[in-house]
Every structure is written in C-alpha cells, then in structure tokens.
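Before anything else, here is the set of structures, which you'll find just below.
Paired with subunit B in one complex and with subunit C in the other, subunit A is shared by the two complexes that follow.
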Partner chain A sequence: MSAWRRTVALARKDLLLEWRGRETITAMAVLALLVVLLLGFVLGAEPPRAPAILWVALALAAMLGVARPTQAEVEQQALETLLLYPGSREHLYWGKWAALTVLLTVLLALLLVTLGVLFNVDLWAKLPALFGVGVLGIAGLSAVGTLFAALVIHVRGRELLMPLLLLPVALPVVLGGVRLTEAVLTDAPGGGLWFGMLAVFDILFLLVAPILYEVVMEEA
Partner chain B sequence: MRSLSSLVGGAAVILLAAGLYVGLVASPPDAFQGDYVRIMYVHVPSAFVAYLAVGTVFVASILYLWRGREVYDHVAHSAGELAALFTALALAGGMIWGKPVWGTWWTWDARLVTTAILFLIFAGYLLVRELAEDRRRGARLAAVIGIIGALDVPIIHYSVVWFRTLHQPASIVRGDIKMAPPMVTALMINLLAFALLYLYLLLQRVRLERLEAAGAAAGAES
Partner chain C sequence: MLPIAVQTQGLSRRFDLHFALRDLSLTLPTASALLVVGPNGAGKTTLLRLLATSLRPSAGRATVFGHDLVRGADAVRQITAYVGTAHGMYEGLTAKENLAFAATMGGRPDQADAVLKRVGLFQVAHKSVRTFSHGMKRRLALARAWMLAPRLLLLDDPFSGLDAEGTLLVDTLVAEVKSAGGCAVLATHEWERGLHLADTIIGLARGRQVEAAPAAEVSGPRLRALAGGRV
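Let's turn to the complex of A and B:
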C-alpha cells in the first residue's frame, strides 16, 4: 500500500469510528459551548472579545479530545495490531494527525457559528478567511497534539497530563490565532506577522513530530 | 571526573564570593533603582543559567535519541531539573525586584511570561519522566518533550512579545540604561560564577544519576 493510501485509510478509520459514536466531538463541543457561555457572560459579550474567547474555547476543548482517538485504540487493544503492520510508522502519525485536524475543524465551524450568533460578530462575509486562520492554527495544534497523545499512553495518569504538556507548548497557536482572527475581523494591519509565526509553528512541528513519533511508538 | 568537578566547584565558590562582595559592597547603588539594582546581579545570572540548561537539555536529548548512550540521558535529566530550578529562581528574583522598582509583583512582560511558560514545560518534562512505565521509557519520552519544548522557546518568546507590543504600548518603557563600570563588573563576575555553579551542579547531578542507574541495575539483578 502506498504511503498516501495508508494515511488516508488510517484517517478514514478514525473518522468512521468517531462518526459511529460521536463521543469525542460531542464532549468537545459541549465544553467549548460552556466556555463560550461562561466567558461571554462573565466578561461581557462585546464583539472585540470574540477572537480571544474563540481560541481559548478551541484550545481547552482540544485538550479534552486530542488524546481520545489514540486512547480508544489502546482500550480496544488495537494499537498493537496497527504497530504490527509492516512499514514506517510515520503514516500512523499522519493518519492520526489528519483525523484530529478534521475533528477540530468541525469544532471550529461550530464555534464560529456560535460566536457569530451569541457575540453578534459580523463574520459571515469573512467566513472563508476566518476558517483559513482557524485551520492554520489547528494544523499546528494537532501536530503537537498527535505526538503527545501517543506519548501519554506510556505514562501513568495519561490524559491528566495532556493539558500540562500541550497548553504551554501550544501557547503560540492560541496567541497567534487570537491576533490573526482580530486582524481579519477588523481589517487591521499586522496580520502578516502572525500568519508567518503560525506557519513557522506548523512547519516546524509537522517536520519534527513525525520523527519523534517513531521514538514514542517503539516498543521498549 | 571527580577532580574536574572539585575544580569547577572551587572556582564557583571563589567567584560567587567575589560576585557577592562586588555586588553588595564595591558597586554603587543605581541612580534610579537604589540598592534594588543589586537583585539584578542574582536575577540576570539565574535567567541566563536557566536558558543554558534548556539548551543543554535540547542537545543532550537529541544526542540520547540519536546515539542511545545512557550518559546523554543523565545529562539531559540533570539539566532538566536545573532548568526548572533556575527558571523558578529567575521568576522569584524578578518578582522580588519588580515589587519595589515597578511597583508590582507581576507584569505581563514578555520575558516574565516566557520564563513562566518555560518553567511549566520543564515541570511537565520532569513529571513525564517520573510517571513513565519504566526508566528507559521515561528517558525517551522526556527527550521528546525536551526537544519539542526547546524548539518552542523562540516561538513562545516572539509570540508573547508581539502579542503585547503590537496591540498596546508596553507598560514599562525601559530606555537605554547606561551601566557604571563597577556594575558591569558585578554582573559579569556573577554571570561567570553562576555558569560555573551550573556546571558544578550538573556534574554532581550526573554523577548521582549514574550511581542511581547502577544501583537500579544491581537491584534488578539480585
């Protein structure tokens, strides 16, 4: 099987499992909605606050869901089988990364609509740009998240460690996402800088994480 | 190895004493900050050593994953602990200095936030090592976090700097602070002293790590 087909097959399997159960996306969406409601109520739902709340909600919800697809594999004792397939394990990483990116993108779409309605932000005309910004951030978040999801399997406490590991490392994604979303919404300059930063983050970790994934996945 | 360690330790003690003397007695108080400037002679070297330790973790982690030799892991683990220690010291020193000079314990200054995040990353680094299934697994997983964390440091730093400065003027504007020669001397001596102290602690910790590993191996055999 070619590298591409392997990756697609793995991503398809994860997304199909998620589609049948819809556990992860439900949990993430509910948490994200709660964060939006809570922050909107506590801080006040002025439109300028929307970008910050969007990214905080997205990041917190991601903490909850990032480890899920890999964790489900461990619970069903299917990971060993996956690892037994001959060939490089990099495709395993890419498959998981693609599935996670799709999952978080669905969450992003839900969040954008929710914020547009609840915060009265006029984002409908700028939806493609906002979506692009979101996916740019999500790609980096999943790049590190997929690696850490495999990492915490071998650690006691597992998912409990995820926020502590992922949030500090993913901080630039949240900061960059907030400022870039603001720049898109207000047509303010300075977006190029943040676009560059998010792109550097994505490229750097998409290059490094697959290599380190092999280290994490090898049998001790 | 033992004699090298003693040599470095001795030099560190002498330089720390000299730095203490120059910093507390021989250098003048600052025109604006008064005696509070003396905190800087400890704070700046702590921050410097913290970044030195992060760099050590990065290089040692790569070498460990690449070559697989135990000694690189011992260095990475020791430097990881020192990174957590010295980021905490740098934060504490910065806050103690900030209270009288800036009038607040904490500002959302880029360097403060970066250092705090760095401390959290290395807290995670040490936790993963402790909570891993076994020693070897912990070493490899920690190396992964060490590499990711160190690579992330410049990105975190610039994102935090830009997040503040592009949006609102920085709350503290520091002009060109011209330092009097005795102050520069005090800072330089302390930087060197802390670097040597770091090297000494690293050597000692690596030795302890090796003994621990040997003990664990002996325990497993019997």
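Let's turn to the complex of A and C:
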C-alpha cells in the first residue's frame, strides 16, 4: 500500500511541477507539430501518410522529453534526497514512468487532433481504437525511456547520447505503432500481429526495466 | 553502558584511486551527538553519505541501530534523516507541498503545518520554495528532518546560511533526537557553533581519523587545528 502511495505521490509531484512550468510538454509539442508540418509538406498531407507521420513525430518528441522527469531531480539537487527515502526503488521507476506516460498521452491527443484536421483523416469514428494503440506504444516508450534516463543521469553529453540509445530500442514501437494505426484506419487485417508485438514489447520492458532501474540507481 | 546507535569498523570509501575515507572505526551510543571536524576534503561528507546509505562502503562495515549499512540499507533509511548541503527541495512546489511529499515518501504522517510552525515558516507555507532565501530553504530542510522523526540524524554543515534563531532550531532538533534515544552526527568546520551539542568529537584529515575523544576533553586550540587541517 505504501509503495503504491509513493508511486502516486512521485508521479503527482512530477506532473504538478510540469503543469506549473510547462517546459517539457511545450518543447515536445512544438517539435512534434513542426515534424508533422514538415513531413506533411514534403510527403503530402494525404490520409495514408498520417500513421507514419504520427509515430515519427511522437517518437522524436519523446526523445526530447523522456529524460526530463529524471533529469529535473538532478537539476533541483533533489535526487539524493529522493533516493534516501525508504522502500524499493522500483516505486521511483513506476512514478517516473507514470508521469512520462501521462505527458506523452497528452501529446498524443494533441497530435491526433492535428492530424485529423490537417490530413483530413476521419479519426473521430475510430478515436478510441487509435488512442488505445497510441497508449500501448507510449507505455513501451516510457518504459525504455525512464530506464535510459536513469542510465545516463550523470553522463556528460547525455542529450546527445539519449537519442542514440533510445531510438534503436524504440524502433519496434514505432514500426508496430505505424502498422497497427494503419490497420485501425483502413480496417485492414493483420493488425493482431502488430498488436501482439507492441504488447510483448511493453510486457518485456515493464517487467525488466524496474529491476534494472534498481541496479542503475543503487548509487546514483 | 548505553546501547550502540552507530558502529563502524574499518569503514572506507574510495573514489577511483583516491580514498575519501579510510579505515574509520567508531562507536556511538544512543542518546548522543557526534561532532565531525575537519577541513575541506577531510571526508566529513563522505562519512555522512555512507551512514545515510547514499554511498556504499569500499571496505569495512557499519551498523546503524543494529542494521547493516549494505544488507539492511532500507531499514537504515527508515530511521535516518540526512540534511545535506543541498536542501533537496523542489523549487516549483510550495513549502507545504514539499513536506507533504516528503511525508508520503518517508512513510510518515503529514505534520507539515506543525513543523512549519516550529521552524518559523508557517506564514509562507503556501509560497513557492523558489521565492525562499538560502536560510529559509535550510530551515525547510530541517523541518523535513523533524517530520521524519529519525533515530539517526545526519547534518552536513548544518549552520550554513542560518541566523541565530535558525542555529537554535538545529540545537533543538539535535536535543530532541538525543532525548528520544537517537543519535545525531554533525559535520562542520564551524565547530564553535556545534561544540555545545556534542558528546564526542572526531577529527578527520585527508580521509583518516586523527582525533577521537569525549567533547569535554578536546581543547579549543586542538579543535582549531583539526578544523584547519593542521594536524
């Protein structure tokens, strides 16, 4: 029970700080919208392009923001205090993961609306399914991103390192997200395979990452 | 003889090839306070961070109220409060929100209002910590330690940035921890301000223990020499 309360308290604290500062979500949203506009102009704002553009924008914006909740602890000189609270450090992982997942979900909602308007995609009828696919992918991105943010926490040039680490590992999420979104939009068969891939990715990283996080944060 | 609160045997910590703390052995009884004196780089902060379980020992062992620092790290964290040189507060949160967060994370009841009154910050409880002076942030860090009701209180440079009233807060906090059967460890080079709190004094220089004696037996000139690293 107390582990659950700690997880909620940490996620709530991160989201409250983000709500008051709005630094991470603003930067991620601006980058994502620029990517959507740029790719829309280059490739053409046609409905079949929308799934790929959605996931590329989401992944690139995630690269920018995944490390922020963890890095903010270092910048505020609060990391040591945080690590010295009792209890397993897994709940720190889950708190950071939850905060990041909420942030990326807000971004997803913004992107879906933008794509619906700019690409003339009939999203509204399939909005719950599209949102579900997005959250499935975001859960995996957050799982990997939270772990890697801890891994590079004291590394010089971590802003450069983060995309290099995250992008290759997140490729299955982007690929699966694109294909599953296409399947949802076109009612094409074969979505089950991509759903399975995303689900396996999520389960795998959500099982392994918290354990690795404890090891990484042992003496952060 | 009083029960043991803290015991270290050959406690060492190395960063790469450099020993920040080497072969420290000490025993602290309950209801006591230790003053750690030494110049910059003597190993004072390293000792506190080892006892707080923020660092793992490179060699040796230590127990805090019977809990091993490494194997029982979580048990040690449940009874320890560490106030480091960084205040560890979130500047975007209010004083009250910071303490409420600390209470939840520390598994303690939220007594933010009560402790904010004690440290004289109740009037600014709902103001963002970003607007606080250095001294007010130090007071808030003391309030957090108070709320966590620790058995082992670790204070690193506790008088830094505090006015006379703030110094009295440190005195009261240490006295309360001692009277509850706990133990306080203060590391400072402002030994004059912490001397009256201490039952035992150890001197550190270049990571080694160069003095260990009851506070009453260490003279002023000797303390000055220890704090200045002239030993």
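Criterion: the second predicted complex is superposed on the first by the 218 of 220 C-alpha atoms of A that agree within 3 Å, B and C clash if a C-alpha of one lies under 4 Å from a C-alpha of the other, contacts with A are read in each partner's own complex, and residues count from 1 in each chain.
In the analysis below, a contact is a pair of C-beta atoms (placed from the backbone, for glycine too) under 8 Å apart; a residue touches a chain by one contact, two chains touch by 3 or more.
Note that the coordinates shown come from a computational prediction; the quantities given were computed from them, not determined experimentally.
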In the superposed arrangement, does A:23 touch subunit B (first), subunit C (second), both or neither? neither
Please tell me which partner, subunit B or subunit C, touches more residues of subunit A. B
Determine, under the contact definition given at the top, whether A:83 touches first (subunit B), second (subunit C), both, or neither. second
A:9 contacts which: subunit B (first), subunit C (second), both, neither? second
For A:46, decide between first (touching subunit B), second (touching subunit C), both and neither. neither
Take the contacts of subunit A with subunit B and those with subunit C, and give the residues found in both. 218
Residues on subunit B engaged by subunit A in the complex (per definition of touch): 65, 117, 120-121, 123-124, 127-128, 131-134, 136-137, 140-141, 143-145, 147-149, 151-152, 155-156, 158-160, 162-163, 166-167
Subunit B partner contacts - residues on subunit A that touch it in the complex: 144, 147, 151, 154-157, 161, 164-165, 168-169, 171-172, 175-176, 178-179, 190, 193-194, 197, 200-201, 204-205, 208-209, 212, 215-216, 218, 220
In the complex, subunit C residues that touch subunit A: 49, 52-56, 74, 77-78, 80, 82, 84, 86-93, 97, 101-102, 104-107
Would you tell me which residues of subunit A are touching subunit C in their complex? 2, 5-6, 9-10, 13, 16-17, 20-21, 76-78, 80-88, 218-219
